[in-house]
């Protein structure tokens, strides 16, 4: 997909659809802008007027609490007017109807769409069809990308570990089906990460994984060896029902992150998870709540990162927007 | 129903329940006020402080995306505080309970109610029981009226065709059950439309249609002959299950608006539809997306028209309210 | 539960979890502050900037229309940013997950949680685990307490009857399971009510009722004799299915408040109900709509009382906050 052309307008961010197609300078600008918003979310009046009088529509065709809540809070803290729709999948199963939904909302003078949809490419589809001046943010499209999640993950890594060029990062779990992993791998590569490892059972590993610029491990303990960052993925329970996995217990035995296994990583390694985690399936409770876990910080950073992306799209940086709403 | 008395207070709009009972001057004032709001919805900061500190409750006893979203956006752009309730029909099946719902919400100092309900007369019922100073807007009551829809339709017609006195307007579809058609016919008559035609199979035509001040057609092609405006109605699929209609395919064959049939109308005729349309049932996709279709413009105008009605009710016109919120 | 320690910080309100553990001075301060907010909710612009730039999360694990709506309106009128979640019970059945929900929301810089949950003690659990600076309001926890309801009831009683030291107050209905009754009894005692009576069939009366500082009646008519305030409780229909009660009809015959029975009370007695009432089950329609009923006034007062509690928690009283938002 030629998302670079779609996403950028003379080098400026117009849509935010995928990490693929972006460049290191732009990702760094997002991280820097997000950093300037951290002071907004920490202060007494958590509000700036950057999206005042603009309307953001949140279209969630898939259920979500965390992503949707952090987007809504980011929008409120940017002073936007907000239209949130839980769209019934059955009513929009056909691409034609998805376009009708878009056209109708666009007629309501929506300035920005945040869309989560079960079909890969749905955010691109929206971006290809909106009018000039209207922007689309991908909040997760099928098994394709989840770029704001990846950027909050990058923010977290940079916050705790600084220089990507010195880091070994391991992503553990269902690499094959994960839009989070796909976006993370692109971002880690663009930011010049020294070593990216993906760790998964063979049934959950893409056949062409090596072509993504990563090292492939089937053995968790060998994969964790000396890494600085461990990113655990959520195991979708529906994978159990198919032939892909034996059982939760068996999965935890081989791929669950226990305290013992975490000792294989660098002693100061951080542990991340996009949430919501299945305690005792992909991650031991004591690791999740342990001193190396930065899982809740990821959530906090997520609001600033989403504020950053939205403000860059409307052409304002957080630094200039420090005034009260 | 003596809705004129209810709706007007010394000639000023107090409630907005039905087009029946209003007069041409007032409809024209709504259209003029809406026009002044078009500049608000088009500008960068789409907000005026007309409803600031006032509370609007949206009570939707029937599902709705388009009407509800445009009402909510209109309220946000007027700076209202908003309480939106999806009311469970089963919990309020009795008239007594509907009144309890009203009384309880009224006790919350709601200034304005927007109500959609499956019972004809429900908005009037609300208006008869609210306290002085509280207003009711009908967002569709049973098979009775849907007055804001009719006004956005009138806005659309005036925008594209100016003088009602020169126009032939055809309404096509389920005239019998349509609150939209009923409101449109009243509005077109009040605004002095030269000729109003209703086109429907006999089973979907009111027996006393002629008394409404319209010309009745059973044949679509004859009815479309030389008209300036074609308004297609949504075909409720549940009509198919009863004895009223044979099948979708058969309906389209006889009453669907195809490009070929549209050629019977004036070459510059506009095509309207309240949405959501059933493509291939009452309207061909190519007509819906064609150059004569103004269906999406109707949606845009709908926000300004709803802003206009609400601002007139609180005693302010859009012209005076040009300042930023 | 040592809720006093949790709720108060150097005598100032930090959380609002239960009436038990508070003191008369603080309850009186809530009532006085609420009184100052009545002018806000009555004026044209019903808004003050007390919670501007702060985020309130409404977590309703149990369905609610009245309590939730009045909390949301109170928050809007205090100019808060609002995140409202209908939390699926099944997803959070385990205490561990409830804590995960809390931790994740807290990471979103929520300043105040309003929580309704089917488990007694859940609000305390939240309060024990939030960070410094974050507050928790109990909107009903299991069969434990519903303190904002009790305070709006106290407000209503003081408004109509002034001096608690001269009053006889009767609470009628399912005392055993009612969190409302429990909170009311604590509040009435703290405010020095002359006589508190609880009236219920034996199966719906706590075995240790006398220890609560109340007089116990099984006979409704004797219990109502000469009281100044009658508080009817909602009869949960599910009690009928068990062995606790014979039938609605039988319940009304013995414990329903009819006009005839109300004559046993003082001629100027007021009738209260937390809503929603079952007309014809615990209360006759004519009583509910009669001149002694103040049931709708309770709803109005509820918004001011909730505004008062929230503003006291952030350290501002309504009197100082009279300015426009």
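Which chain is which? They are A, B and C, in the order written, and residues in each are numbered from 1.
Just so we're on the same page, contacts are C-beta pairs under 8 Å (C-beta built on N, C-alpha and C of every residue); 3 or more make two chains touch, one makes a residue touch a chain.
Treat the numbers as computed from the prediction; the structure is a model and nothing was measured.
Matching CA atoms, the turn from subunit A to subunit C amounts to 120°, rounded to the nearest 5. The pairing of subunit A with subunit B is characterised as different-residue: of all residue numbers used at this interface, under half are used by both copies.
Between the CA-based centres of subunit A and subunit B the separation comes to 41 Å, rounded to the whole angstrom. Residue positions of subunit A in touch with at least two other chains are not found. The touching residues of subunit A, counted against subunit B in their complex, run 52-55, 81-83, 85, 96, 100, 103-109. Interface residues of subunit C, counted against subunit B in their complex, comprise 41-47, 65-66, 69-70, 72-73, 76-77, 275-277, 279, 285, 296-300, 303, 324-325.
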